[in-house]
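To keep things simple, chains are lettered A, B, C and D as they appear, and every chain counts its residues starting from 1.
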């Protein structure tokens, strides 16, 4: 049953395989009257685009966005925004060798078992290529959030393997190849990846994110809590294996007297909660962490089976990211934008005229 | 906008406040012909029920389930199953003192800001009492999964504060007050909680879960991946701050050559993925961890403000769980049952007649 | 797959069979702060309630509504409103004779074929009894629409068999047993039904409706047009076989020069469109007609088969409405309220801050 | 809030304006393994395409379909099918004159009031051009229904103005310019339209449809009844003002003894119900009628206002259909295919393993 849509009010539906003619999406429900052009989206796509440094896949996709509808005279009209990206560098021949194999850690086996067939070229629908459409749709949401509501979303490489970002300089994030806020750590990451590439191996990563300027009141208990929909959105990104809000798994060892964020007339005194209380945004910064597994496409030989159930050795020789966590950074931001935008609209549907008893009191 | 429903094919909608007349839910879409009676549900509710040991809230709720519809002559009919639980031990007077206060870590502030008003009696809708309806609905799904598909779901207390379950004896889980698979650890937990209660403090916990007998093919990429919907379901449970599938956050430091689960003709050689590849169940056991924050209702005085924005000290004196993680165990199981059931039906809608090329090859 | 919910923002989920312990519903997404008590709902239920005149079924249901949640201190809280009605007069024995028969025109056959079993007592889920929950939920929406937005909804018996309401006196609608705006026609209807009852037969009806005070801008093209969701809601009512908006089927013979409603600075000059243009409310009155088939439960013997496929004669001897169109009047109103309320919220989600270029110009 | 998607399991999302770069849609949830190529879709698009006779708009659109995803090696893969149609003959200059005017009967006024702006070129999103994407998506569903389930869908022009099709020859439907099953009536329609075109006026129509080979059991009471979702789908088509199932509005004057379709061991004896009982398909042919208003774009001058609220005269001089009912025929078929396909999948989700007690007994 159809699973390629996300959002209720700001609904994004995507299509496209890695090596088909094109990928794209429909952004339905965008508020009208927002200035929007291709450049607004292209700037975000370019951050995710492969082939921009030696540390990501050398596939050369221009990822040129085309707006097909929903914008007139430079402004959104409120009707669905059709977005299209042509695939230009497919090299399908790279994949003929693994056509009948299940690459360990890949979706090859599960897609075949679920659907009885699969587009084996570059992972087909399960390829990270699909995330370009998320970034495109996210760019629309993000622009609205930023310009209309003052919401800013920032993600960064917090950890790659055992290498941590130890300092935080927001300006540094866009300066290195890793979206890393610590210039020194970025240098170590470069060296580490150079070595890893030679070995033909890959590495996991942790991406952290912070959203500032959060409106109070977003989230729809009891199931569609803000953090629940964020968790879903994050875990829907390829390779994500864990999601944590605020203090995340550290809460396991915390006491209530420590965890509960004290409040004073001038603001919250801490933010262990990560900006969500009872499933609803508190107006504090939203903070979260995402764990991203190492790419499954590696050159090191591994044991597997073929589609006939026979033993086989797998070596993946296509162009791949040794650390998908790098390019996950703009994707995490995009998915956050989609969820927050959707929840802002959902909140407005029910509570547009509610007078909050207090002015917001973020930390 | 409405957020109290979950599931597409097996859809559960809930209602009810902690201190209103009743809580309940509708289970819509259950396959017809399944034997079902109150006892099938009561047995699960009794596991979650408060007041069963000195370690959980002393509120005495009988949590008596009543099936109002959808069952005829002992079998489900395929029509909505209405489930009702009357609240019997509300003691609303306990809450008058905190009527105008925002308890740190609680949803008091966010509910008031979102809706402009709130039912302050016992947390109202944000109370963990709401989760009884999840357990009731989950019992229906769980019975179907177990009896019809051979799927078994088990969660347990893996860690309370710094106390870990160090051994795993499945039979032990139901023998102690903590759903702990390690009898020795359970003794330590009891001592720890006795001390904690005296201090008036609370503690976090980690609940782990495993699902055996998983069908292959469940999950609807790209957004409604199985792990994405599980993450949402888990994070929709009160007090949950983190969700991890398979190796979870440990993947950050893993290499691809380690993480990718090798396959042989006789099965997977490991299960780092936790039973999901590309958003679709592989047939391996589903494994996950959930981080649960310490209860925010503690007797230790804390700094906060009142509804007028004035400084105030808060002491929560009602009956509360010092470790909500304990009662979270059956709730985690129930939410897993709901998601898996829903995805089994979703998969069937599209792929009921697909011939999987291979027999399942779980580890 | 779950089909007992309606609405996106103002979402109603229902449960219950004719002869089970209770029927009920959850109203999720209601804006907070609206005064609401049982009497607000009871007044609408009493209009639909059976046994109020000799012209409707003599089943005696008190249809006593109980609000289980979502209201605190007399005001809606924004959380789900649980509504419950106990069944009190079931007389299941009446149905034992037709347990194995398919009554012509009834859902007996299709429920059994779809689900493999059915609750045969009084039609089970397919009974018109289910509509009581729609009226209860509709009462909540209707109160909001009336008091908050000035929207008024009125339906009436426009035609019963060949008897037409020839005059329209709004005050008369509540004075006779048929919701008929023409007192003379009502007298003829009474005589006609008395004769029909003796024959053991039943008759069809046309119910018309008008909504005044419509906001401009409701409806979400291209699929969720206002008239599309209204058509669905109407056709979801038991026994409805046709829905028409504005001039309805008369448009087949109209010319464009006649049909298109001219506009002047002081308003629309006609309302052939029935208040909807391009799927969006124009601010004119919403007008519609609904065709309701004759009750299938009649005393006249008919030819059918039993559950073994054998020929059988069917006589329905339970307590039934000779003209279900009568009690359909409040149900049509309730369903209209649900759709308009939902669409008002949906519109607000996307367009709450849109400045309409013109003040509304209804006729 | 997003309204450009339809269907739960077989979900279609559309985008595109009349005079933008392209229109298109995503078909999500299609069962895998079905042969599909552009020609399968093009053949349906060509039936709806404008400019094929003098009786429809002279706009020359090639309506060339491109499949962008979801098909691999000639078979559907189960992933979303992206479909694209470039707009090639826009002539936007035709519309500059009515940029600031509200054409009577058009969506100009409501779009502007709802969204605060509108794409005035050719009606933008409200143009019938949007329906090409419905036909494209419908072609996918239709192929599956026909080849996999033996379901056949046929619609035809039953009445244009006061001209009725008086005989029914299925083969004739594709032979004339009106999809009319009566060759003689088609000749009269041609003459009538020739005269009408000279007057610059337009005319309404009634389109009837019949679906044969219906599976028993489709439809999800109580709200998502089969006829309810059909009514919505029909009323979501531009210009549709009425929908009737089976005997439709004729039931108003019918008696129960006449309306209820008798059943014998060899089949139903009549089909007043139109193939649906209690919201669920009975296996009989599905029959319905749709009322389509006359095109609002006519050359006859009409009174209206401009966007400043000032009086204005409107003459529509673009290329338009004098009877939109003609091209509605393939659109009605497409929407029927979408609804039936979706409901077949929905039914399967819940009831795939139900053993129907009886073999189907259609008339």
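As a working rule, contacts are C-beta pairs under 8 Å (C-beta built on N, C-alpha and C of every residue); 3 or more make two chains touch, one makes a residue touch a chain.
Since the model is a prediction, treat every value here as computed from it, not as a measurement.
*Asks:* Tell me which of A-C and C-D has more C-beta pairs in contact.
*Replies:* Taking the two pairs in turn, the one with more contacts turns out to be C-D.
*Asks:* Taking each chain's centre as the mean of its C-alpha atoms, which one ends up farthest from the centre of chain A?
*Replies:* Most remote chain from chain A, centroid-wise, comes out as C.
*Asks:* Taking each chain's centre as its mean C-alpha position, how far apart are chain A and chain D in Å?
*Replies:* Each chain reduced to its C-alpha mean, chain A and chain D end up 38 Å apart.
*Asks:* Any idea how many Å lie between the Cα centroids of chain A and chain C?
*Replies:* Averaging C-alpha atoms per chain gives centres 45 Å apart.
*Asks:* Chain C to chain D: how many Å between their CA centres?
*Replies:* So the centroids are 26 Å from each other.
*Asks:* What are the residues of chain B that contact at least two other chains?
*Replies:* 1-5, 8-9, 14, 29, 32-33, 78-79, 114-116, 125, 221, 345-346, 349-351, 354, in rising order.
*Asks:* Which residues, counting only chain C, touch chain B once they are in their complex?
*Replies:* 1-5, 7-11, 13-17, 20-24, 26, 28-29, 32-33, 66-70, 72, 75, 77-82, 84, 114-119, 121, 124-125, 345, 349
*Asks:* Quick one: in the complex, what on chain A touches chain B?
*Replies:* Touch residues, chain A against chain B: 1-6, 8-9, 14, 102-107, 109-116, 125-126, 130, 159-162, 196, 201-206, 216-217, 219-225, 227-236, 238, 241-265, 269, 272-274, 276-283, 289, 291-298, 300, 302-305, 307, 309-311, 346-347, 349-351, 354-361.
*Asks:* Once bound in the complex, which stretches of chain D touch chain B?
*Replies:* Chain D residues touching chain B: 8-9, 29-33, 78-79, 221, 345-346, 348-354.
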